[in-house]
Amino acid sequence: MTIQIDPDKCTGCGSCVPVCPFSVMDLVNDKARVKEGCNLCGACVDACTFDAIKIEKAEQKVGEGYRGVWVFAEQRDGKLKSVAYELVSEGRKLADKLGTELSAVCLGHNIKDVEQLICYGADKVYLADDPALSDHQEDLYTGLLLDLIRKHRPEILIAGATAMGRSFIPRVAALLYTGLTADCTGLDIDPETKLLLQTRPTFGGNVMATIMCQAKRPQMSTVRPHVFKRGTPHKERKGQIIKVDFKKEAITSRTKLLRFIEDLSEKVKLDEAEIIVSGGRGLGKPDNFQIIKALAEVLGAAVGSSRPPVDEGWISYSHQVGQTGKTVCPKLYIACGISGSVQHIAGMGTSECIIAINEDSNAPIFQVATYGIVGDLFKVVPMLTEKLKRSRGIV
Amino acid sequence: MEYFLTEQQKLIKSIARRIAEERILPARAELDEKEQFPWELIKDIANADLFRIFIPEQYEGMGEGSFALCIAVEELSRACAGVALTYAADALGAFPILLYASEKQKQQYLPVIASGARLTAFGLTESSAGSDAGNIKTTAKRDGNEYVLNGTKQFITNGGEAEIYTVIAITDPTKGARGASAFIVEKDTPGFTFGKKEKKLGIRCSATRELVFHNCRIPKENLLSKEGMGFIVTMKTLDSSRPGVGALAIGLAQGALEAAVAYSRQRVQFGHPVSSIQAVQHMLANMAMELEAARALVYATAKTIDSGAKSFTEEGAMAKVFATDMAMKVTTDAVQVFGGAGYMRDYPVEKMMRDAKINQIYEGTNQVLRNVIALELLRRKGLRG
Amino acid sequence: MNIVVCIKQVPGTTEIKIDPKTNTLVREGVKSIVNPFDTYALEEGVRLKERYGGKVTVITMGPPQAEEALRETISLGADEAILLSDRAFAGSDTWATSYVLSKAVTKIAQYEIVICGRQTLDGDTGQVGPELAEMLKIPFISYVSKIEEIKDKHIRVQRMIEEGHEEIETTLPAVITVVKEINVPRLPSLRGSMKSKTAKIPVWNAAEIGAETDKAGIPGSPTRVVKIFFPKREHKSEIFQGTVEEQVAKLAQRLEKIV
């Protein structure tokens, strides 16, 4: 929409000046002039008796000028996270439905295997690789991503709902005055409106909601790791890696990283484990995690926990699976003495195979379990461990 | 039973109950097992302003009386008598200051006691002076601007953990019991050390230690009231704290009764819950009756004190004896209702039974107190106003 | 130090009623609690006050019944509480909520730190903290598990991320969100409870905080809930029967096929 004043028709009578509700009309050199802040309300058009003012009402769709699906491909210390590949795979499906391009945004230092993003489905990768970004400080990430979005105007942006994603992506959304939906478990394109349909759990998973961001762009979502599966990479796929320059003086960080203390308590990282054996309140006391660890060892599995044992101090937080813990999607998840609260299932419900061992037949965990035993875990688990040891020839 | 608590007293009850249920209950078994002083819980109690209950408003307290204190002690004791005792013994240690300190001493000590930042303890008992309190041997000799303390106190609750001690010592040996005086002694005063921590049958999280004075010099300003007042300070202090002991016993018995009732409802024998057996029902009924009677007596005593009564020795003694004897019986019966399980440390009632015993002994043995009651009774010729 | 704590009154999750017209939660008549994560934020604010001196002001955006939650915070150590309530705020998504909060914080004017819980029980987004920081144009640190020190208008914290802990420093004023590992919230105190009964809690509406109504409530929210549904759990699980030995044998058999 534009407003134009025809200098040939304008007589400089000034009738338009007082009628403007936003006080943006004035006279310069005996001709009317529109200042910044014009809302295109048309009051001046009505007031002008010489037809000197015209407002072009072009039919413009919401979101015009915004194209493309973007994925924020998170990395840590130069290594791309699994969620980056998962979202590129999912983003590819969305881009195909829209008939548009998929781009990944990668910010960091000495990032390896960036081409892999293209193999998984990205057409472009916007890469900012600079030592200043090695501390993962969010002010820099916010500034850079904001710039890129303003320049290239994607219609959709998805990012991992990791600690970093949940911290800086909302800041970008706030600055853009656009909608952000957190922890989506489902993303789809509405066939009629071509808008992004974002589905997420609320009330700890008791209720599902589908959300849309109709008028603002880009439509933004965060997605938890392991909610979507990564697709198959195609080595032959071609795409562009576009280096992003950023002026260090223009974007500075107000926060400073003093040091990083790594959590070394896990031998097998929970997020990436193929098999997880978890214990819950039913274990009764901290020493009983030995039973879980014994089974985990035989299976080469990671040890997980529901929230109560962590709250009681029986095991550290890094083992917690659930809504306020880690989301996992292993091939096999064995839940021992875990009732299966909605908050816990939110963290492991998408596991390929779930085995539940609990003495309460009404425990909700059985509703998501593939296989289950209603029984005493103190008998079942050690017996299972023994049986597996024998069949594997481990003495 | 309705006891007509004021709004503030209801608030005290609900806050003390929350602390009991949310903080004390989950911790009590481990504290008992490890004989660990409950510092974290004392902090919770302090943060909730419960130490302010028995301190007057002008010293940053809430200016509540004996009844409010009993309510708080009872609620805490329902979860753990050891924790409740730590709190109640703090009031005991504070009473000499509350009742007999000078304005200057009150300004110096009461606000910090009210905040719960520093605990108190009362030092009277010695190895040769239990019931025979007049037989104490700890001396306090005046020397210029100081008193020099020598002697050993025995079985002092909060000993070693408290920082403010109100101690009874002999200033004039020629006057026997009337030659005793009361002093305030602070922890870390040179010459003041502690003996070993006692290993007890019950209330194991409560700290019980000897106080050892060896040429311990304190400023003369630390004398409470006048020389020779020690005996009176002691009597009045113990009178004032007796309802608190009664309240501790009531809370303890209440917790035991609740546990027994709950267990009897779910324990099935011969195809029925044991609560359907008349023998058990009668036990529970007796426990409930005696508990309620004790409660009424303790509350009535507390309200008598709050009404400004000049003398309440007899009432205090009755309340303490009746409630503590009741608690010993109720907790023992609770173990009985639990049967074999009640004997096991995995269940809470054996601890309650162990905790109950001391209440019949300290703060005046129930035998000495019966003497007290009898003497008062005879003095007033059995008549009642 | 002037500390602002943002809380939200959330429903106890057992009863959930959705307004079919607006697809938002019906908050009236449902038992409400202070969002549990916010109790850690409040506790940290009160501890900062005890450590450095100052005042804790608690704010919340909600319907009139949210005043209850604010009174509770006073019994837990808050000095003042303000309710942001206006019909125009109803149905706000995280952007609109952050906008309203930012206007209120701006009106409060004197503050060194704003503390929020990491997420709410009902929305679970965790977005208001960071969005609020951006609207106030001040630094933001999330998942704070320990405040090490505040000195010379600088704050140094420990922050929890997946891989471990980061020690981060930034300038004040700033917004932080906290995790439950940061402290154990206290229980209400006697004096606090009495104070909360008589405390005056001002209500600020849109005009009072200078909030443009087209940036709040449903009109101001970029996102809209278009559908609510209850997740279907059509799932058949195989529960092994028999003696313990038989159950374990069957399970072991299945396991060997998977691993």
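So that you can tell them apart, the chains are marked A, B and C in the order they are listed, and the count of residues begins at 1 in each.
Keep in mind that, in the parts below, a contact is a pair of C-beta atoms (placed from the backbone, for glycine too) under 8 Å apart; a residue touches a chain by one contact, two chains touch by 3 or more.
If you're wondering where the values come from, they're calculated on a predicted model, not measured in any experiment.
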{"item": "Partner chains shared by chain A and chain C (touch criterion as defined above)", "value": "none"}
{"item": "Centre-most chain [mean C-alpha coordinates]", "value": "C"}
{"item": "Inter-chain centre distance, chain A versus chain C - centres from mean C-alpha coordinates, in Å", "value": "20"}
{"item": "Gap in Å, rounded to a whole number, between the CA centres of chain C and chain B", "value": "42"}
{"item": "Chain A and chain B: spacing of chain centres that average the CA atoms, whole Å", "value": "59"}
{"item": "Residues within chain C bordering two or more other chains", "value": "none"}
{"item": "Chain B-facing residues of chain C, complex", "value": "186-194"}
{"item": "Of all residues in chain C, those that touch chain A in their complex", "value": "13, 16, 18, 23, 93-95, 98, 118-119, 121-127, 129-135, 139-143, 156, 160-171, 180-181, 221-231, 233, 235, 237-240, 244-245, 247-249, 251-252, 254-256, 258-259"}
{"item": "Contacting residues of chain A [partner chain C, same complex]", "value": "76, 138-139, 142, 162-164, 166-168, 170-171, 173-175, 177-183, 197, 201-216, 254-264, 271, 275, 299, 317, 323-324, 326, 331-332, 353, 355-356, 361, 366-376, 379-380, 383-384, 387-388, 391"}
{"item": "Residues of chain B that touch chain C when the two form their complex", "value": "8, 11-12, 15, 18-19, 22-23, 44, 47-50, 52-53, 62"}
